[in-house]
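Below: a set of structures, written as structure tokens.
What follows is subunit A paired twice: with subunit B in the first complex and subunit C in the second.
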Partner chain A sequence: MKQFAALLRKDNRPVRYLVVDDSVFARKNLIKMIEQFGGEVAGEAGDGLTAIAEFNRVKPDIVLMDITMPQMEGIEAVERIVRQHSDARIVMVSSVGYQENILAALQKGAKHFVQKPVKPEVLYEILRYVLSDDPNAAGAPVALAGEHRS
Partner chain B sequence: MRMELIQPFINAADAVFAESLQAPTKIVDLAMEENAYRRKGIAALIAIKGDIEGRVILDLSPEVAMKVASQLAGEEIEASEQVVKETVCELANMVIGNSVTLLNDQGFHFKVFPPEIHMNEEGLGGSADTEALVICIETPCGEIYLNIAMHYLHRRRNERNAVPALD
Partner chain C sequence: MSRQPEDRGSELRALFFESAAELLQSLNEAGLELEAHPADEDVIRRVRRAVHTLKGDSAACGFHKLSELAHELEDVLTPQIAHARGAELAELVLAAADSFGAMLTAYQRRVDPPSVAALHALIQRLLEAPPTAGVSAGEPSPGHLPARFEWTEYEQLMISEAVHRGESVYNIALRIDPNSLMRAAAFQLIRNVLHGSGTVIALRPEDNAAAASVEIVEAALASSQPEQKLAQRCKIPSIVSDVRIERAATAETPEHELLGDLLEAQAAQVGAAASEQGENPGQPATAGATSAATTVAESTLRVDATRIDAVMNLVGELIIGKSMLNRTLTEFDQKHARDPLRAKLADAMAFQARILDELHKCVLKIRMVPVEQLFRRFPRVVRDVAKQCGKDVALEVSGQNTDLDKSILDALAEPLMHLVRNSVDHGIEPADERLTVGKPARGTIYLNAYHQGTQVVIEVRDDGRGIDLVALRARAVEKGILKPEEAQRLSESETLNLIFESGLSTAAEVTEVSGRGIGMDVVRTVLDRLKGTVHVSQQKGKGSSFQLRAPLTLASIQTLLFRVGGRLFAVPLSSVVEITRISDQEIHRIDQREVLRLREQILTLVRLNHLSRLHSIDTQPAKKKTFVIVIGAAEKRFGLLVDSLVGEEELVIKALPAEIISSDLVSGASILGDGTVVLILNVPAVLSRLARSTPLGAIA
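Take a look at the complex of A and B:
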């Protein structure tokens, strides 16, 4: 398994993630990657409405948000979260990656987009980029003891 | 058969299976079918309506679905009907999502409906006016079938404009 230098907050604590996807597999897969990146899963949600409630409850550093979900789709959830929390950092994760979709998500306040199936190295770079703009995040990733950079 | 409409699905399936299962895949069989589709295992049918209309069926045996599930989750998964259904849906969503991205970027607009799972013994409805291409893809987890029936509903705007009007 490829190893990654840990992505940490400025206070050296793990980055806290909210993982939103209606597929249990997709969530498991993302959680595995988050663990590889030294992060911590603060919450999970299977639809946009639950994602909003979970965001308010756990106040994550990053949200990984699917687009096509029951009850409320990801783009609408992004709009509602960003309306209340302008500093929310949301990365869209979807298999539907055409330009209109990406633009709509970015216009509503998402910070980035990654297409499924997610490649860990791609997600890592995107998270690094998104976190670099986060006042709570470390400027550069910090390696955990025993890890090597790939 | 409109291969330009079908090729994106084949390319997307190849890329999605190879990435998700972390191994190369191979098309081992191709066949044209005009009758109702006889599924091989658990099938997810996704309907498409818009500039392009039709449907895609992703079909795999429960045993293959369980191997794929373990691969997707990165750990051994206990077999259950729910896991099998969700695996087939997740694979279908990824294949269709990636195909739609390719077609949408070519200027086609359409709506994709959520996957319908079929597990009964009846054949899946074929489209009366469209023949389907059935592709068998060999993966490290076993064989996965794609059945694609797709046709143009309307010509794209630029193609319509290029055709001289008849008086």
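Take a look at the complex of A and C:
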């Protein structure tokens, strides 16, 4: 298994994630990667509505959001979360067939997207990128512990 | 050419443009080859010859700028430089082909050719830099990104105003990762990032739709962020593979000093627009060139697709109007059987119908584009993927001139891309394995397209190892899609169709080697949406073949109208195999299904009212004889029991919002001349409903 340098917050604490997917398997898969990246799973949700509630509760640094879900789709969840928290960092997770939905999600304020099945090294780079997006911060906001992918 | 040749000069010009288009095509092909074999002296010689011919011809026609550029280019095309800087040289050849194309278009429009300063610089760099010095790998070198930064006059004005205000304006070129399958989404993300980093003054392409076919995004951005930070932001992982940022030249800098330069820039844009326009029938000047990128077009118009759609809709309405008239006429016939007016009306009607038919065809034709537009991406894709997998794969393409609706073509791009990648990755065996089974080391993938009835068929075939049915069944069982005993019962074609099950393919089927990892279910999803089908077949050890069938156009279809329980339905005529009448005794029951034995074949019967649970519909009292419409999609067949047949009709499909139709069994609706609403049956959905066993309980 590849080694990843821990992705940390500016204050050197683990990045906190909210993982939203209606498939338990998909969530576990993502969580495994998050742990590989030195992150902390702050919450999980299986649908858009729960995702919004969880977001408000745990205030994660990053949301990994599936596109198609029961009750409330990912796009609507993105829209609602971003409306309340304009600085929310949401990364859409979806298979290629849903390009239009991803487009919509990006227009609603999602920061990035990653294709299913998610490859750890791709997700890692995307997270690193999304985490470094801090218009107010000077310098690199992401602390990297050790050598990347040693 | 559309104009009468005024003299010998213009005849010469016509000849020149014709041959230049061919030279450009060969330049493009050679560029690709050069990329594959950077030091291939043969290819270099070919490029040199093409450039040399272009130089001579253009000088003879008085196109000096073109001739000079060709001359400069010739100097770089040496085996020495090719050996040392092969990759860059290939890039240069491709960029030069683009520039030549833009210049030719400009000449043809009798405007000044666009500035080629960027290309000059590229050539100079290749000539000056010591051939041994390789480009540092990490640093994105500007030369690799052929960007023009040709802004309109207005945009240039905005740029210089921003500079005057003391803002920093950057020209940014981003290459969309060639591996990215979701280009429109990638482009949207790039837009988001650019807008988040400053004020976007200019952007090419301008909208998401155009982004699907674009590799390089160009932008002018006013930003307060330092250049390095911008570069960091623009290097979006998995989206952008290459970044080039430079300070935008303002009106003060010599490069854009003169109005003439501005005009040139504009001409180049117009030229680029025209050459993107693709095929241009009835143009002898372009007849030789099939590749749209290099087509030198004389009278191409670029029209917003929505305008064409509007015309299309109006024609659709007219067709409804025609059928209204027809019905009225039939009524009139019945009422006034002896009226002499009848004949006159019928004549007028026939005339109008013929014109309307022509009009409809013409409008449809506007939207039609040759499949070449899609196919020409694949040589590159196959090469890239083959390289990744360390395989040797050739691509053979045929039927490029097959026309189909642009929107369908666009929709097919993604599944086709996936199938081709899949074939390279999984279908074709590694060279040593191929040799041991007696095949040539180099694998081949065939892409073919042709029309069949009202459908277009696109085939992806490979001569690889075929599909391992046993492994496929095993995986389906492993993934819980099938029970072991079910898996044993599956026929070969049923097993092959497992490929398209979403859970099956996304996990392990696709990814290991190429790492693309999108599911084959995408293929079926898209085809279902298009009301098309996908059929897979294979021969163990000899290869596999995928057939995508889609309607030629989404706009109108020939249908067969029938009634079930008092409601009018239609089914695309293209999916009707035959119609037969049976008596009730002929219906048998097997496994809780109603079946019919039709010429030694067992046909599953479907009663629409059961399937769709339309309880409101009263089933007609059992009659002695019933009509059965035999419907086929791909290899599957079923029989539809209907109460009565109404006839054939060309229907203009109206898209229905999801709220109105709750069932996926209906793909759309249409309105007949008399105002009756017809529901159009979604054949693939019915089939998939049949394939699942539970809802079929309703049929029994």
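Worth a mention:
The rule we apply is simple: the second predicted complex is superposed on the first by the 130 of 150 C-alpha atoms of A that agree within 3 Å, B and C clash if a C-alpha of one lies under 4 Å from a C-alpha of the other, contacts with A are read in each partner's own complex, and residues count from 1 in each chain.
Just so we're on the same page, a residue touches a chain if its C-beta (ideal position, glycine included) is under 8 Å from a C-beta of that chain, and two chains touch if they have at least 3 such contacts.
These numbers come from a predicted model, not from an experiment.
When the shared chain is aligned, subunit B and subunit C each come close enough to touch A:116. Once chain A of one complex is fitted onto chain A of the other, the partner contacts of A:86 are absent, as it touches neither subunit B nor subunit C. Between subunit B and subunit C, more residues of subunit A are touched by C.
Of the two partner chains placed around the shared chain by superposition, subunit B and subunit C are both touched by A:97. In the superposed model, A:132 makes contact with subunit C only, not with subunit B. In the superposed model, A:107 makes contact with subunit C only, not with subunit B. Look at A:28: by the touch rule set out above, it reaches subunit B but stays clear of subunit C. Judged by the document's definition of touching, subunit A residues 95-97, 99-100, 115-117, 119 lie at the interface with subunit B and also at the interface with subunit C.
Looking at the complex, you find that subunit C touches subunit A at residues 181-182, 184-185, 188-189, 192, 196, 208, 232-233, 235-239, 414, 418, 502, 506-507, 511, 515, 517-519, 521-522, 525-526.
The touching residues of subunit B, when paired with subunit A in their complex, are 16, 19-20, 69, 72-74, 86-87, 89-90, 93-98, 100-101, 104-105, 112, 114. Within the complex formed with subunit B, the subunit A residues making contact are 23-26, 28-29, 32, 68, 94-100, 115-117, 119. By the touch rule above, subunit A contacts subunit C in their complex via residues 95-97, 99-100, 102-103, 106-107, 111-117, 119, 122, 125-126, 128-129, 132-133, 135.
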